[in-house]
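For clarity, chains are labelled A, B, C, D, E and F in written order, and residue numbers in each chain start from 1.
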């Protein structure tokens, strides 16, 4: 824990939020004109454009099985960040971080999709960060669910599907230990200074889809893990409500 | 020229615009929170986010000469288009089209920048297409000028520069022959059907920085070229006015 | 869950192990003749060769700070697996999975290394899978700790360092829900069929360095997470004992 | 404009040519032994070997349409230039300049080819610069027309085609403003010092296929553009005559 | 040649071996659990794991011809060497040396395989160097023959083949001029200092499959070549005996 | 051996040459206008342009040692061959064959160059095949020697060097067993049908620099090897004479 200056409240968040408070949240469904489904998600300053693109074929390993596939790609505009980052297309490859994130997004959405109910089609979820201020992968998962739901609704309206293959909501939020205090939804300032940082992917029915928690400094304890899971449950409950509003459920 | 259906006006534009009418235009300066200068430009449906990033060093070929450099990178979100395109970062290389466009943007902005007045620094102009509907490279040039101007203003406010190295405005517009008629600012529907298509990069003081005009079908004539140049002059005059408004001149 | 054969106990492990039983474990320190430190780790059939290579310089972002760096690379021989996999060098890039794993190994080892105590040097931990049967990334972390410890001992014997910068042990084990039962140290047969699968990286002093837990089918519950953490604690305790024996502590 | 030395004629060309004079021109049809059609073109010192290779299939986007395709690739021997350039094959990618040029060559030749008359086949035009002294892309277009014409004649002689799908000649020449004077067919010395530089692709029947004109220093005016077009028309007229002689028309 | 210590015999081998003495040799068949055939070969300190992987299809150029194919890939663990080498997968390409070696291994094994007798299948021989001390490509060829033989035996036991398509043994050994003396089976110390170094690939029936001999310093003479061939014949005779023992012939 | 037609002489060469007869040979020194040294070599139909480019620095591993470096790159125009080959720059990598050849050329020339006498400079030998009809790598070596010699002469004339660092001639020729008969300088027709094919790199003073001999079908014998070496000696003697004439010795 960094030394406290006189009068500082131990563990106070740079943003002034309470430990269990999400950043201001805004989901803008239909933000991308051409996509079958889309959502621009803003969590505080972080801004991610999620689009769902439908294609009538599946990857080779699924051909002829009558099942569908959901996959994700993630990118960041070079100046989404405080300091310009290299353009991955110019460097000629995606970083390990990018690949790790897009694999996580794909797994998370597949966890709540009935691939058999899709028929042989692929939905690609493109999550592009327009502005980054921490929590971009979590925002991407939460927004991608909306884009995917809208794309399935679009296919139902066009009689390509008879029911929505999404069996549940999925959303994600970061939680961490900052200044010794477990806090919800870290922004960049907190993320850089946190002792422990984790991403929690959960469903509306109460299950955990994925946990990735990492000690940046000292290792964390089991009771801290329990605190983080509780915060994540509270945070995702608010995200599920926002998702429902965005898709009109 | 395609056969006309009964009642159709020869050469009528799909959008209903008059031949010398620009699409609705909107420049949003400062759209990117972290960049030294930025502009979100919308021309009709086309939407390009332009950011200017300043870095205190120059490419190897300029080192020690006391001059600056302005360069550009161009990208398109995978679902900026009607049909999803491959992500260049995933394919591992930028297409020939991308490279051609970013070279054009860089040349155009350098044409109105006094590189010696910059000192040893590089400004990278990232132009990322959020939605594509024709004319993205021209919108990128027009918007990049605003981003670059704002970045220079930022450096002046911080006493890093004493005067703005931009010596003139630069803007670009596409003009083409569509249905036998020379028209200004082609959208995607016109662009796909045009007999001739050109990009015209001009300065406010009346000069031509670059012309790229291509016959897609039959070759075009010198008098048609003259018509296109005149349209471009009219169109860029409106773009210069919008740039001035955007940067507060 | 696969159909049970007559007499099979529900949830019984394919290997016949009890739910909290590690596979047979063998650490062979010094297995690589040329490396400053090395360890061949076998967990059941899984076999990973870990080497620590010391180099007297640090990556650009650390230059001049007087600190060291620990990083990892991971690879798999093409026929380490049941079915031959492509050679990543021939394909021209490392998969997302490979990058994700090597980033995890590096983070895990850095979590117990006092980088300041290293001085400006880099240790690269190469973890190459000779035979794969599940749990390769966990075995790599456990074996890499031995290789790193031996490399630091080597540097101390050569008076390049006065004390070992490793502040604690780190080891990893996979735990998962298989056939409805939480089990320790999944082999390939279990891993392919598990409902939930996680990797737990822990220290000897009782802390958690990293958790990555993923629901492959239905989401998992908090109480299941608690069970998995407890199994991981038991398993890593045995791994720490083996590490101590391997390095002669 | 550089300062004039005593007695220098303003705008005099380094080569002593008059402003509207082409360099010495030589087309050597059939220069490549194995190709279906070929032409070695020399314009002054610039030397480009153009070959046309016929293959009985088309790119995926044309399959089953009964049409053909004409495409181009461009390269430069590493020591075609004054200073050795990197070998693109060794660097592992083609530069933006290379891609821009080969796209221009392909478009130019397709503009005068009746692709439907070709049937499902592809002709690849390889334009490799053996010696560079300015104007290589223009020489490539002019020489590629001869190679393509000869390849079609070859296919007609072998009864694979009944008529030549080339509907017109196409040739290209660079024109620019040098020392304040519009000049035809710039060599390297002029090209490096020109205020404006353009490539003009034209047909024998009087049409313009493509114009790419760029101000290297100050922007150029419309009347200068008119002058350059007139020079290009004169220059291409001589190129068409040489093409006719080369293919025996 | 390194300076001689008192009493050293000019040209004496660093290892103390006689000029025509192989290093200690050990072939461990079946070393890789999952492969259809495998062999871990040790020649002195050099250690190469060779696996043969069978796949029921052939490269495009052989499809439909009813013939099989044998190919090889070669790799080296990053710390197989005294100083860590870059991981080729991380660099994104195989070095020229690697490609040269794997082409040699493939050619050598195909020279003694009746491809027609294989039917349409491919065997890929992966030769991965675990420890390098000179002669790795030769060890790879000798070990790969054992792996290939065992893979064919496996296919015969499974009634996929009725006879073994290997028509002869093939093995390889390096020979060179060291300290003026022709010597057999150079280790790394000799290899680095040798005046001439060659790899000799031979068959048990007395033929030469491939010779690659290179003067590192002064050119060599025909009589030296003759000496090297004789040494190679002696060395490979011992290798053939070891191969026979390893496969149970 | 293919079946003989009536009247055919066993082993007769497709070209009608006697077994020990080179193809018509022509060396054109100075063929590349910009290079410090160059030579266009024609052996029969095979045509290779060799250029030597001088650069005042050395690769990292030689820096500060006061020595020079000679290296080579090899390429083939896409339509140098009967059937068009892929352009390596477009594929994004050099083939294993290309790398193998350019390494051979570099080694061969370094074998006769006193690198210490060069001082810190690099000469890059670019060998580009304009027309291929067998024996391109050998022609490249022979022609590269002329280019290198001329480049050194150029440096001597400019007082950058006081003596030519080439200590001897080097040249190469292919020899093989064709139709049971050892023959010199195989063309493409022979090369494709030869039982054994080898490249022999020799010096004018009688030494062997490199031998690469490969059995394409049945292994070859030691006496056949002796025959091939003798042919190579005769062939290279003629090549040395041509080199002397080309450089004016």
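By definition in this document, contacts are C-beta pairs under 8 Å (C-beta built on N, C-alpha and C of every residue); 3 or more make two chains touch, one makes a residue touch a chain.
Per UniProt, the chains are A, B, C, D, E, F = Ribonuclease PH.
Remember, predicted model here, so these are calculated numbers, not experimental data.
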Minimal step count in the chain contact network, chain D to chain F: 1
Touching both chain B and chain C (chains): A
Between chain B and chain E, centroid-to-centroid distance (C-alpha), Å: 59
Where chain B and chain F are represented by their mean Cα positions, the distance between them in whole Å: 51
Multi-partner residues of chain A (each touching 2 or more other chains): 92-93
Ring order of chains, beginning at chain A and proceeding to chain B: A, B, D, F, E, C
Residues of chain C defined as touching chain E within the complex: 32-35, 38, 45, 49, 51, 53, 55, 73, 75, 77-82, 84, 87-94, 98, 124, 126, 128, 130-131
Residues of chain E defined as touching chain F within the complex: 93, 95-97, 99-100, 102-103, 107, 111, 198, 202-203, 205-215, 218-222, 225-226, 229
